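First comes the structure, then the notes that go with it.
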Amino acid sequence: MTVDLNKLHAVGAIAEAAEGKWGMVIDMDLCTGCQACVAACAMENNIPYVEEEDAGYGRSMHWIRTERFWEGEYPEVKISGYQPMLCQQCGKAPCEPVCPAFATVHSQAEQLNLQVYNRCVGTRYCANNCPYQVRSFNWRDYQDSRVRPEITILANQFNPDVTVRRRGVMEKCTFCIQRIHKAQDKAKSEGREVEDGEFTTACAQACPANAITFGRIDHPESLVSQLARSPRAEHHLEELGTLPRVTYLKEG
Amino acid sequence: MSKQISRRDFLKLATAGAATTAVLTGCGPTSRFVDREPYLKMPEYTYNGMSTYYATTCRECAAACGLVVRTMQGRAIKVEGNANHPVNLGKTCARGQATLQGLYNPDRVENPVKQARGAQLSQETLDWNAAIQIVSDALQNTDPSEIAFLMGMAPDHLFDLVSDLANAIGAPAPVRFGALGMFEARATLSKAAENLFGKVSMPFFDLENADVVVSFGANFLETWLSPVAFTRGFAKMRRGNPERRGYFVQFEPRMSQTASKADEWIPLRPGTESLVALALGRLIAEARGGAVPAAFASIDPLTVASDAGLKLETLERLAQTLVNAHHPLVIPGGAALGQGNGLAAAESVLALNALLGNFGLPGGVFVSPLAPAQDAYHRPASAKEMADFIAKMKSGGVKVLFIHGVNPVFEMPKQFGFAEALASVPQVISFATFPDETALAADYILPDHHGLESWGYQRAVVSAKPVLSGAQPVVTPYFNTRATADVFLAAAALAGGKFAAALPFADEVAFIQSKLAGLVGEEGFFAAPEINSFTAYFQQYGGWWTNDPSLATPSAASAIAKRFTPAAAEFTGEGEFFFLPFVSPTLGEAGANKPWLQELADPTTTVMWNTWVEMNPETAHELGIENDDVVQIVSEAGGVEAPVYLYPAIRPDVIAMPFGQGHTAYGRFAAGRGVNPADVLGVHFNEAGDLAFAGMKVEVKKTGKKKILSRLESRIGVYGEGLEKE
Amino acid sequence: MADRKHHTSHEEHLREQRLMLDPMPRGKMNEMVMEAMHTTSWKFWLVFGLLAAIVAYALFYKWGVMILEGLGVAGVNRPSYWGIFLVNTVFWIGISHAGTFISAILRVFKAEFRRPFTRAAELMTTFGLVQAGFSIFMHMGRVWLSYWLMPIPNQRQLWPNFHSPLSWDLLAITTYLLSSTMYLFLPLIPDLAMARDRTPDGTWQKVFYRTLALGFRGTEGEWTHLRNALNIFAFAIIPVMFSVHTIVSWDFAMATRPGWSSTIFGPYFVIGALHSGMGAVVMVLAVVRGTMKNMKYFIRPEHFEAIGKLMLIISMAWAYFFFNDYIVQWYGGDKWTKELLHWHEAGPMGWMWFAMLIFNVAIPWATLWNKKWRSTPWLIFIVGMLINVGMWFERYIIVPISLTINRMPFTWRLYQPGIEVWLGIGTLAFFILLYMTASKLIPLIPVWEVQEGQMAHSLKKYGRETVVTVSELE
Amino acid sequence: MAEEKSILAVFSDIDPAADAIEQLRLLGVHDDCMNVISGIPVTEAMLGRPSQWTNVPRLALGGAAAGFLVGLFLAFITPNMYTISVGGQPFTPVPPAVIVLFEMTMLGMLISTFVGVFFDSLFPNYRPMHYVPEISDGKIAILIECLPPDEQKVRDVLKQLGAESVEEAEAQHL
């Protein structure tokens, strides 16, 4: 039995020393901004599209988006790297304590930042408080066939491992927790540990440039841990002390 | 990394594969599908709560990426890459991911219909027997020379079947076309290879082993030839060698997504690509010392630099970089070839590679191998050949036209007059899966299955190993559709005589087996002693490929000795702007009907759901144009109107537009959305007969209208709008 | 100062000016208050009908549409997840502060001018909180599950998360709503008894007053209990009031956002609330005085004058806190905070930032220093209205405009209000409607308190000067 | 208990009422048998009456204590019933608990104060009671419940001191 660090009020230590941490490394030098991860994520997680007007008004539901900024002036202009931005699964997530309904919580088993859809009442406080702005809100009933008749057919594709969210509910990247559980269940039934690289998230699986690596960051020998030790590694908005679980490898 | 999951998947696949064998040997076509049934009544081989994975081939473009589709209770749930497939090694692009939204698209052609060239999809459904009768009658009652087949770039097995049929009955060989091929200028590249290597082939660029890559317009990270394969190669080039990060330079008038990943983007004047390549060659030769080879002798780098709008130092520095490189590689492609002098550009770049001495070396240039069971390389029709075909249609030389897998009414520039030519064909039979513009203009639509419901094979275009990628249905057909191959087989059987003799196959699978027969016993990813086992493995592993690369080394001598008469490209049109259409990296040629592809942000502009016009902010400022102002792009061929995106990385004398939107049909997500830049293009070819799509100059006219583009990015945060600092 | 030119005696002048020195027999005063309640012109019903229609359409119909279709019909987006809903919540809670301020703080400090309008102000507290509640419920994505936020035993075995400022908010607002309603009701009991006594038998009003008066007669015991309770309330409700708006400010200040994370937000919000609340009080008093019968006797320029002084002080305090917040943020020089401040002033909504300062500071300072001006009902009405507009702007700047700027510039986006404008208009109409209804049902003037005050006031001569003296009755 | 006879004397001013009370006391009417009913709060001291006992402050304190306990329950007990970790914070952090404790204490205190008034004043009470509506017009009424044997004397004194009316009080519906 392990000591419950929570009970000891050892706040920082929880995130640092926790077991079972999953993490991700994204190599921005490799990311080509091709959107395969976005499409894969949408297909895996039953993410609704919101159509032109809402999409242009900041209501797109992407759980992962590639950000890009310009550097310099023509002709010395360049794109300063594509940065896929997704839930950083913070060790100390600012979104969690502000939810009055305990709808977004820290999971002890996977050390992830969970969103419990059916607890969510839609105050959107978590989204306001997310420094990474990676939470998306169901502004309408995008997946209801009474609102969108085409869903009747499109829904054949829906992943039965992932629920469909209705209006008024916040959602975000889950690190494909359904895949984590599936792999863990399988490993357990075979009486072994989940092996590094045995499975991966939908985005990492699709990424043609192999820019995304997923795995256990509490296992120092895992690929993701090795990559995270790269001198190019950095965390986004690290100064906030959110202990993000996504490491970015800078260009150069 | 994903090796583990694949191994487990393949265990499942093995079960499915073995089952398929039993099915193949025993039953007729219909029982080959996993039924889509209510959850209470499970289809065979599926277990409640358990996924079944099927290997197949992606049909969103012709690159032949291997897929493993996760299905559950008879529904296709998720597309994953086939980790063993040499083309994509388990990876997919966004279009491949969204193929499921094509499968379960609300706007598919659900039944065979008598379309009668109506504006809307006809409601007059036929039964399949009547449909087969119609095809059979058309085959029998028409003079073979007046039968024409127009096929898309995929699938290859259907093309082979139709070729065999045409060959046997004495009809002209089927014509193959696709907008991607047109915008890639494939014919130009293969023509250049033919001219320099003396062999009809596709050159193979070994991106992953190169360490300095210079690309002239090749948009290989987007849609060019085989984007997933190239993106993998790019990643290896960049970071594969822990000692040295690959260096990448792109010459292109507009920063494409590919160029945005370059360490140096060099915006050269459109049409000067061949000059710059030759000048680089001369500078390299001079830097190395010794004689300048013939190919580069007559060029003056200083003049070239000023013609191309570049600094000579840039070229000199780049030449030095290439000289110092261990594995330099220069790639021609995209808009560089879609010029009046596109062939010269392709040839000069190949010559430059020859000068760099990378032929046949890792990170260099090779000749692509032929796919397994392929006799010779067949490239798709060039625009010139399409123009000839259209002329034949117009002159009444075609009485019956079968169209499958291509939508030329949308994809070809209007000026070619395909729609008018279609009107002079008495009978047009379309096999379209979706009610696209061409299908609506047909007399009958006899819908083919979606790619994920189909059998077939596809040859990889870009692969060091010869790959024949296999396709099998992962789900039972959702609608009342039928495989076009089966329709032809049934029609031929019905017609009897030479038709039946030409296609003596019980069904599509029997035909495919006949094509695979030559591979039985061959050493490869798997080997099988007899055809049924081979077919089963073929479906199970998603195709067959050799274990080792079989790349050929072209001869450098002839390339380097070719004498060029360097000249910048000629441009047609009166306008002051070079016009640069490019294929939308997210939509491709046919993605517009998939809502999630529409909602993907264009990588460089982040625009969603629409067409835009890219313009340099300085130019726009001079013209008094702002973001979201709708402008009219006018050429000799016509005009289109679209809102402006002030794009910081485009030459001030160039405007660019994405191709992929502007459908008038093709379902609710595509129709009436955006405009088609092909409408602006005139009928001009390069020396290889490819369309000089980037060889026009256009005018830009203000309309006074505004249309807010939906962008994922923030205009405030990215461009500082509303935050101007004093 | 008093005008003695026409040789009206100073004493007479004082009596004319001051309600407390202008006593009226209790019976007469009762009659005046009852008459004010019962005199209803067609104009009242016209406005009433109009407001009822607006409430039915803008508040309930539009809200229904929003509940059915989702918040997409509003203008909220990423990153402005909160929008006008929270602007209105803060605004209405701010309005609600004036009632408590006037009737509790002024009661504690025995500021006599408060007497005629404590009830009018307390009604604003309760009705303002009702609108705040509406606004906060509207804002929720799944309002039908809002009871999940209550700390009640439930089958989910899940209690609210008390780490969340929203949970604190819920407790604080509930406490404040309940206590301010009780605080409204307690001093109302004697007046309800008065109304009961003056209402004929057999009418529904009789039943209404009889029920609500609870059998109050005015025995010594009843008065003692009441007075005791009122004293406790007056003291205890003040910290509750401060806590409410402080906690509302913590909804923002606890967030890890540039511009919001500020330690001065608590007092800054409280003073802002009082600012808008006092502005609203003068508006209400001016309207009541102008439209209701006999009210010119009860509400006199002296009252506007006194409130005007308070408004001026509060405006100065607000400016002080504003500057305090601003300079600390500015001086810190954090990249994102600088962007935010720049966005406030120079962004497309920069005009609002300047309008806020003009309405909240410049105009009150320019007008309220003048005793004559601040005694003029219509003028101070306009000042009060501008302050309320200014304070609404302030909340708009804090919520949607500040939400535009976060640490991910890729997501910065302007907020364009949608259906929430209707809903906001609906709450305003509902507030006025409730107020109008109340003005017809309960005595708007606390007669017994005015009587008590008049009893305590007298004039006394010191040498040649006649001055007002107040005796401490308690 | 059988209904005893009561007298209700109505005055319009404080002074005569205070005098009357004094006289009544001399006549042997015990303070407990008198009650003053007024339209405005007239303090006991003004009328020379003994101080009234009120439970309201005690109830308020009790309510505050109860509220505090509820606060303790919410802040420290409920998070342990279903432990959920959020944002790396302890399950039962103290600073937010202070807020919960404060609000619940205040709520408990104020509710019990309010209820205390009801409790002490026997509200609501819709039974017939001794009352005249003139009281709410500012009159001060003295209700004498246990009359001394010399009832007429009492009446006279009251009349003499300026009572507007001295009548046998009849319990009526208010």
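By written order: A, B, C and D. Residues from 1 in each chain.
In this text, a residue touches a chain if its C-beta (ideal position, glycine included) is under 8 Å from a C-beta of that chain, and two chains touch if they have at least 3 such contacts.
Source: prediction; values computed, not measured.
Undergrad: Which chain has its C-alpha centroid farthest away from the centroid of chain C?
TA: Here the answer is chain B, farthest from chain C.
Undergrad: Report the chain closest to the protein's overall CA mean, measuring from each chain's own CA mean.
TA: That would be A.
Undergrad: Could you tell me the distance, in whole angstrom, between the mean C-alpha positions of chain A and chain B?
TA: One centre to the other, that is 32 Å.
Undergrad: In whole angstrom, what separates the CA-based centres of chain C and chain D?
TA: So the centroids are 30 Å from each other.
Undergrad: Could you work out how far the Cα centre of chain A sits from that of chain D, in whole Å?
TA: Result: the chain centres lie 62 Å from each other.
Undergrad: Just give me the whole-number Å value for how far the CA centre of chain B lies from that of chain D.
TA: Roughly 90 Å, centre to centre.
Undergrad: Going by the contact rule already set, what residues in chain D reach two or more other chains?
TA: Residue numbers touching two or more other chains: 84, 86-87, 89.
Undergrad: Touching at least two other chains at once: which residues of chain B meet that condition?
TA: 712-714, 718, in rising order.
Undergrad: Got the chain A residues that touch at least 2 other chains?
TA: Expected reply: 57-58, 65, 67-69, 94, 97-99, 102.
Undergrad: When you check every pair of chains, which ones turn out to touch?
TA: Pairs satisfying the touch definition: A-B, A-C, A-D, B-C, C-D.
Undergrad: Residues of chain D touching chain C in their complex?
TA: 35-44, 46, 49, 52, 54, 56-57, 60, 74-75, 78-79, 81-82, 84, 86-87, 89, 93, 96-97, 99-100, 102-104, 106-107, 109-111, 113-114, 116-118, 120-127, 129-131, 133, 135-138, 143, 174
Undergrad: For the complex, which residues does chain B have touching chain C?
TA: Touching chain C: residues 712-714, 716-718, 722-726 of chain B.
Undergrad: Spell out the part of chain D that touches chain A in their complex, as residue ranges.
TA: 83-91
Undergrad: Going by the contact rule at the top, pick out the chain A residues touching chain C in the complex.
TA: It is residues 54, 57-59, 65, 67-69, 85, 94, 97-102, 119-125, 127-129, 131-133, 136-141, 167-170, 237, 240 of chain A that touch chain C.
Undergrad: Report the residues of chain A in contact with chain B in the complex, numbered from low to high.
TA: 27, 29-30, 32-36, 38-40, 42-44, 49-53, 55-58, 60, 62, 65-70, 73-75, 77-79, 82, 149-150, 152-160, 186, 195, 197-200, 202, 204-211, 213, 223, 252
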